[in-house]
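Here the structure comes first, spelled out in structure tokens, and everything after it is commentary.
Chains here go by letter, A, B, C, D and E, matching the order in which they are written, and residues are numbered from 1 within each.
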Amino acid sequence: MSLALDLALCALILGVALATVAGSGLFRAIVFFIVYGLLVAVGWVRLGAIDVALAEAAIGAGLTGVLLLAAHGRLRRLGTARDASHGAHLLSALAGAALAAALAWAWFVLPLPERPGPELAAAMPRAGVENPVTAVLLNFRAWDTLLESIVLLAALIGLWMLTRERDWSGRLGLPQHSRAGGVLASFGRVLPPVGLLIGVWLVWAGADRHGGAFQGGTVLAAVGLVAAMAGLVRPPRIGARLWHVALMIGPAVFVLAGLAGAILAGEFLTLPPPIAKPAILTIEIALTASIAATLAFLVLGPPEEGRAP
Amino acid sequence: MNALVAVLALPLLGALAAVALPPRAGVRAALLATALTVAATIWLLLAVARRGVQGVILGGWEPPLGIGLAADGLGAAFIAMSAAVMGGVALAARQMMAPDVVGARAAFGFWPLMLLLWAALNAVFVSRDLFNLYVGLELLSLAAVALVAIGGKEAALAAAMRYMIFALAGSLLYLAGVVLAYAAHGTLDIGLLAARDAAPSDGLALALMTAGLLAKTAIFPFHVWLPPAHAGAPAPASALLSGLVPKASFLIILRLWFEAMPDRAGFAALMLLAGLGAGAVIWGSLQAMAQARLKMIVAYSTVAQLGYLLLVFPIAGGDGAAQPWAAGAWTGAMFQVLSHALAKAAMFLSAGLYLAAVGSDRLGDLRGLARTMPMTAFAFALAAVTLMGLPPSGGFTAKYLMMTAAFAAGQWYWALVMALGGLLAAAYLYRPMAVLFARESLIAPRPVTRAAQAVPLVLAGASILLGVFSAPPFEFMQIGRPDAAEEGL
Amino acid sequence: MTAALPVLILMTSLVPAIVTFFLPQESHLLRNALNLGSAVLKLALIVAMLVAVAGGAIYEAALPLAPGLVLLLRVDEIALLFVSLSATLWLLTTIYAIAYFGDKAELSRFFGFFSLCVAATTGLALSGSLISFFLFFEMLTLSTWPLVAHKQNRASLDAARSYLLFALPGSAALLWAIIWLESTTGPVLFTDPPDLGGIDPWSQRAIFALFIIGVGVKAALVPLHGWLPAAMAAPAPVSALLHAVAVVKAGAFGVIRVVYDVFGAGTVVDLGVGVPLAALASLTILWGSIRALQQDEIKKRLAFSTVSQVSYIVLGAALAGPYAMIGGLVHLVHQGLMKITLFFCAGIYDERAGIKRIDGLNGLGARMPWTSTCFSLGAMGMVGLPPLAGFVSKFYLGLGGIEAGAPWVLAVLAASTLLNAAYFLPLLYRLWFLPPAEDASGDERAPALVAPAVVTAAGSLGVGILAASAISPLGWANLIVLRGYAP
Amino acid sequence: MSALLTGSVWPFAVLVWPLLLGLAPVVPAWRVQAPWVLPLAPLPALVFALFGAPGATELPHLILGVELEAVPGGALLLGMTAAVWTAAGWHAARTLERSWRAGILVGFWCLTLAGNLGVFLAADVVTFYVAFAAVSLAAWFLVVHDRTESALAAGRVYITLAVAGETLLLAGLLIGAQAADSLQIAAVRESLGQAPLGGLAVALLVAGFGIKAGLVPLHVWLPLAHPVAPVPGSAVLSGAIVKAGLIGLLLFLPAGTDWGAVLMGLGLLGAFAAALWGLTQRNPKAVLAYSTVSQMGLMLLLVGAGVGAGQAAAFYALHHGMAKGALFLLVGVAVAASTPRERRATLVLAGAVALSVAGLPLTGGALVKAAAKDGLAPAATFAVTLSGATTTLILAWFLHRLAVERKPTPGQNWAALAAGAALLALAAMLAPWVLWSGATDLPAGYPLRASVMFDAAWPVLAGLALAALVIRRPAPELPPGDLLTVSRPRARLHAPRRPVVVLPTALGRKFVRLLIRARTPEMALRRWSAAGGLLVAGVLLLAILLVDF
Amino acid sequence: MTGLTVFALTGAALVGLGFYGLLAARHLLRRVVAFNLIGSGLFLFFGAAGARGVGPDPVPQALIITGIVVALSATALAVGLVVVHARAAGHAVLPEEPEEPEEPKDEGAT
């Protein structure tokens, strides 16, 4: 039964993916991609990876989809949305098929390795959190996560570097034309408090059950975006210092905590077991704030106030 | 507290400060972070030289659960290379990337991106964890792409876009290999991987990772993104991109083939890699000859110079690792990395100064500039000496060591490629030199301060000194080397 | 002291080179004082060393680079021969150059590279290992380029390009040879000829050929000589330096090192590569002379003459016998003295009378007697008229040729003498016998230009007349051969 | 460190003295009056030749180690040379135009002189060669001194042959020195007989010395150069300098060489042919030049005849040098003669010397000829005897031309010039008498024997008869230089000019085109679909190579 | 065939599909989409591999979450680049891959 379900799900996933890749029309491809993301999230649930499912749904499908849609919108505004014809199909297909076949072959020859299971079991009590995924993310492999948060920041700075010189002092994203009192506006008035709650809960819960800074941050970012679209808040300018602090506070706290660990406990990024939990929480909160701001700004895009000449 | 941590954390904190602080203070913070990181690098070098490999078990969690970092002689040397280039670039960028020169946007973005790039480089240079390397590489790639896009012109944007595609594809291939490696071995640590029994999928994993990294290293024929990207970026950024960035992915290839999976390295595959390297040397040089812009010439020269690095594989890799000549070949390649970084940074900064002086880097517009900017011309010439592999430069030491080893290994044809490469380098670098030395100048150059001219000169001089005093770095890079043969040839 | 002195000698050129680069163009006095002072100091140090080495002292200084790469300065007799030549001529050329350039532009650059060039030559002379030799060989290549290009006009830049076009592939060949050799034998020290047993004879021949190509470019062996005449676009002091002190000499010196210290004369004979090299040298001698005949410009003619003359040294080395060796070694010095005289004079004719072409020389002997006398002495020495310097070399080369069982060398020498006479005597004829042109002008009221020429001319006479004395170049060459160069 | 000089200092002083005097013109104040040193320059040599003690001198530090020693034949020639140069120097000092050119001439005169003396004193090969080169090449300046068109042309021929001669000599000497492993002339001569390349060396030496000595057919420079040189220059050229070639052959020709026969044959040819060809000349100096070629032919014949004849050749040369020097000087004296009496006196003096050269009994010439004939083969003896006729003929023709050609240049002190020439002439007449016993083994009264006198007398009478005929019906006039006029080499030194090719530009352009074409695949590679495909292909290729299936 | 194999093979197929898209598409936004497909395919494969054996391994999950965030960062920058490049160039394809074949435009050559 479950195999059949899995087969069906995977068939669906593949079908939608095929539609995304090979289907005509850029907009349709993007929509298919969002659907695809949600299906994959379901797949993650089937694989028992709830944290990943949350991340995939929020980030892989949600935020990525929004990014793509927004880009499509801007391209259309520029008059360059026309989808280019496909290139060398046969060779590309051959290349893709060969890669897929290679990976498939690898699956069947993969040995079942010795895993860090025992080490994990031994370490969990000192990790400060109950959720092993969070423990890995924020403690055992905190360095990855720290770098990852920096990657986000780097992407944002990179995105800002794409601003036209004359737009530099403008507000982030496209100029807003939402009508006060419209559906979006009222939706936008309701959603933020709810979203805020969900987001905070995700961060809090991430320590013991599923969720975490990234998932929570994504929700908070979504809240901010909706509020901005509803005209409730105006996107900030690039030069707004406070927001800059918000962008860097998470990684900064993370690094400083790591350094404190190095001084106190001897190794960089060490969280001594007694204070591990509060430390992780502090880091998570700061990180969530930064992630939320960063993600929101990523979606908003660089300022585009001025009209193209 | 550990010097290794300092070289990782300081640039990160500097970048964050540069983001958070107002523009002027941000630049000051960035410069302070640069200075501190340089100091930390020296600290690290001393520590490695005195006490051997410097390791950090992050968070106290041993691999396979946690991530281990280790600065062996090689990693520390690469970190030192970054510090030298970054230091020089930071000094040059104070003027070149000032708001009144490049605008507020680029002036804001450059500093955090530079420091992030630095942090990413250092992270990659010391990481012993394949996935952590992936994250580091991504940080590196995004910062690098952003630095290309800072240029803002259409060509620069197209170049950045192209770079992005190659970088993403490379990352995915690398990631695929990492996935296979973990799936087969349950660990990501390089040292542990080497200790585990081989799995059938290892070959594919290594192939995926290597191919991805080759694309990121801009090895022929995957080099096409590099010249327009490096030529399109502002000069200080080009210096970083050309001098340092490809070295990170190359180092990972090296770690994979020499440390993580040395048993996988069959001779045919090693020869294939070297073949690509030879192709890069020749093709890159020929393309460099056909360019009309200084920065394009210098950028194609990077393509050619990176090719030398791959020649080390069949000489010192696989079964060759145990041979007496391996240390020489391997260290020779590392010398090539280091001296190329210094020389290439000097060249791009020189090009930047010329660009600032006459507003163009077309060869025809550079006529006679050796007269008005002799220090810069001299720096360019010194850097050219290194790239040509002429003594007593670091480039020469590199070539000498590698060629000797190639002969000893009976692979004289790679030595031929190296010799030919030196001549081709002379051929493509001659044109800019001759133009600079011409008597007449067409465009009256804007004045450039001596202090600005001194930076590339110091970098180029360092690339020469690397050859003159090559014994200490040679010894240094043997620290922690697997199969380190005590004596070279 | 034994380690410091060679380094010190090297530094006497290297330090002024670097300092000069940073001197402003206007500080003539400081620059001249620096250059002259260091040249004098260097000469003094070398004289001190000469005395000590004649007494059997050995100076050695090593700087280990990477494994296999040892920068070794070791002073042996042959090194001293070359280094004293270059130091002496450097001093004279510096005096000449200061007078020649006056207050023209870009002098700091010029003198910087000039000193660098001499530093390279010094290092090359003092090199005790193959790799050090290569190191300085390349340093020489590079520091010469800006000198050739100094005028920065089309012709100079073309000449400089042509120079690199020849020199760099030559360097590649040399490096190739060195590495091929050393990958089997390990680092080659000149004191200790490598054991070539591990290399098969054909590879040895190939290595030898690569060596000869490598150093042959600098020595302007036909067909690798094309750059030298083109390099005449450079200012006269540079030509003097190129032809007499540094570049071609470095090539010829390299041939000597390769034949005697890398392979050993015996091996060269056994491999059967000596005779082909001698034949190549002979071809060069003749071809250079024939081409010289066809030139109408004084400096071009002198340049081709150098092509021809330097191969005497190569010939001496190639014949691999004691007499030939003496001839080759002594010609290293003699050719330098004579050729630098000629170039000094050619420069004076150009600078003081605006004369570049041969037909402008008519009757100049009366107006510029000192210059013309020096020129004549140099030219006659080149022809090999006794007792001038060229004769002594030729005499020993001839003896060496017969001794080595190659009497055809005599024919080459004879033909070369005739050709030399054919291209030099018409110049003297014009200088002294033909009436001056109507609008002739020019004088030699420039003692700093003329004095170096007089000194070198006297030198080329003196080394011939006093050849048999122990302190002469010939005496020194004899000493070299006696102390172990004889196969 | 060995001594700077061992043995007598005299031979060295003999050589250095003229060199020092030759530097006089360097001092501007002395330049104009510098010719006055000329008669002084050979004096030490003269003294040394007359009174010098035999013995070797060594200067080990000079050149390649200088050894000086006057060999017996050399001593005769040394004295003769010194005498000729003294007389010519005297003449030159009185006649040379005072100009900067005179300064140059003085310098090279002295250099030539030193070389000329050196060839007779040298005991080692190198010193000999140095001296020979000096005398050969410095004499160039004597030839071209007047800077006239014909002087320059003659100078060109002269220097060409001189340099060629030097070259040949060097090659020959090198072979000898190498074979002997010594620089001693005696040793070299010894070894030339046995050395593997000895035959070649001798050939080279014969050619090299032959050029100087006027050996037919290498004599062509001689009749060109002598007429154009200033009178004292011609005197030393003909009287002394050509003897350098002679001494060379005497010193180096090994015993029993086959080249002796060749020398005899060519000498004989020269002796007669040159004398007859001289009749086609009008310039008295040209006539004398041909006479020199003829006389040198006789001497070469003696050299070629070998044993014992060497000394005879030197003896002969002693007389001929001084006599011929005197004759040339008398040409100058004749020009200076301003009254008929002076002219007559000049002609008488010239006639006397000419008869001596022709070998009229009781003259010095008769003595040396008699000595020469001793020991010669009968045919050769007859040839020598017969040559007296041709010599008489050509010298009579010379006297005729001297009498006919009148280009008096007043202002010269005829008496002073004539005295110099006369002294030299007197020396030529008397020296053979004085030296007879030392130079030959023949008894003291031998020249006075009737048969000897007859043999000497009849050719002179026959020659005079012939001369009477010739003067009445002169031979057609031909330019000097005989063989050269037949085939004058076209010396085109300047081939078509070609620029030095810096870079084969056509090739370069082709290469650039190729480079530009290479950009097309680069652009194709830049397409992601191509590069990405290659990347996947790379993965697969690497995987195939790396995976163990 | 277990469920894990299904997911792993699906992941492999997604990688293949994604690469096909990445190579075949000229429109830059499509390439970005294809890139995301490859990424999630790889993660699926990884997740399946990590779920083998006794109990799910949390390490791959953590890595995948990191990977997803990194992919998002890259996507954000790439999308931004696509837009500004299109704004500057007037089309959303790279200059060397025009829809109509034309002479390649190059910025280096004379």
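Just so we're on the same page, a residue touches a chain if its C-beta (ideal position, glycine included) is under 8 Å from a C-beta of that chain, and two chains touch if they have at least 3 such contacts.
All values reported here derive from a predicted model rather than from experimental measurement.
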Exercise for the section: Give the fewest steps needed to get from chain A to chain B, where each step moves from one chain to a chain it touches. Expected result: 1
Problem - Minimal step count in the chain contact network, chain B to chain D - result: 1
Problem - Chains touching both chain B and chain C - result: D
Fill in the blank from the handout: Of A-D and D-E, the pair with more C-beta contacts is D-E
Problem - Chain whose Cα centroid lies nearest the overall Cα centroid - result: C
Completion exercise
Greatest Cα-centre separation from chain D belongs to chain A
Fill in the blank from the handout: CA centroids of chain C and chain D: separation to the nearest Å works out as 36
Exercise for the section: Please work out the Cα centroid separation of chain C and chain E, and write it as a whole number of Å. Expected result: 65
Handout entry: Interchain centroid distance [CA atoms averaged], chain A/chain E, Å
Key = 15
Practice task
Could you please state the distance in Å, as a whole number, between where the Cα atoms of chain B are centred and where those of chain E are centred?
Solution key: 26
Fill in the blank from the handout: Two or more other chains are touched by the chain A residues 87-88, 91-92, 95-96, 98-99, 102-103, 110, 115-116, 120, 136, 141, 144, 148, 151, 154-155, 158, 162
Exercise for the section: Could you list which residues of chain E touch at least two other chains? Expected result: 15, 19, 22-24, 26, 31, 45, 49, 57, 59, 63, 66, 70, 73-74, 77, 81-82, 84, 94, 97, 108-109
Handout entry: Per-residue multi-chain contacts in chain B, two or more chains
Key = 65, 131, 135, 138, 142, 145-146, 149, 157, 162, 165, 169, 176, 183, 186, 200, 204, 290
Fill in the blank from the handout: Chain pairs that touch, by label, are A-B, A-D, A-E, B-C, B-D, B-E, C-D, D-E
Problem - Residues of chain D defined as touching chain B within the complex - result: 512, 515-516, 518-519, 522, 525-526, 528, 531-532, 534-536, 538-543, 545-548
Problem - chain B residues touching chain A - in the complex, by the definition given at the top - result: 1-2, 5, 8-9, 12-13, 15-17, 19-20, 22, 56-62, 64-67, 69, 103-106, 108-109, 112-113, 116, 119-120, 123, 131-132, 135-136, 138-139, 142-143, 145-146, 149-150, 152, 157, 176, 180, 183-187, 196, 199-201, 204-205
Fill in the blank from the handout: The answer for chain D against chain E in the complex is residues 516, 519-520, 523-524, 526-529, 532-533, 536
Practice task
In the complex, go through chain B and note every residue touching chain E.
Solution key: 65, 131, 134-135, 138, 141-142, 145-146, 149, 153-155, 157-158, 160-162, 164-165, 168-169, 171-172, 175-176, 179, 182-183, 186, 227-228, 231-232, 290-293, 296
Problem - Touching residues (chain side chain A, partner chain B) in the complex - result: 102-103, 105-106, 109-111, 113-116, 119-120, 123, 136, 139-144, 147-148, 150-151, 153-155, 157-158, 160-165, 168-169, 238, 241, 244-245, 247-248, 251-252, 255-256, 258-259, 261-263, 265-271
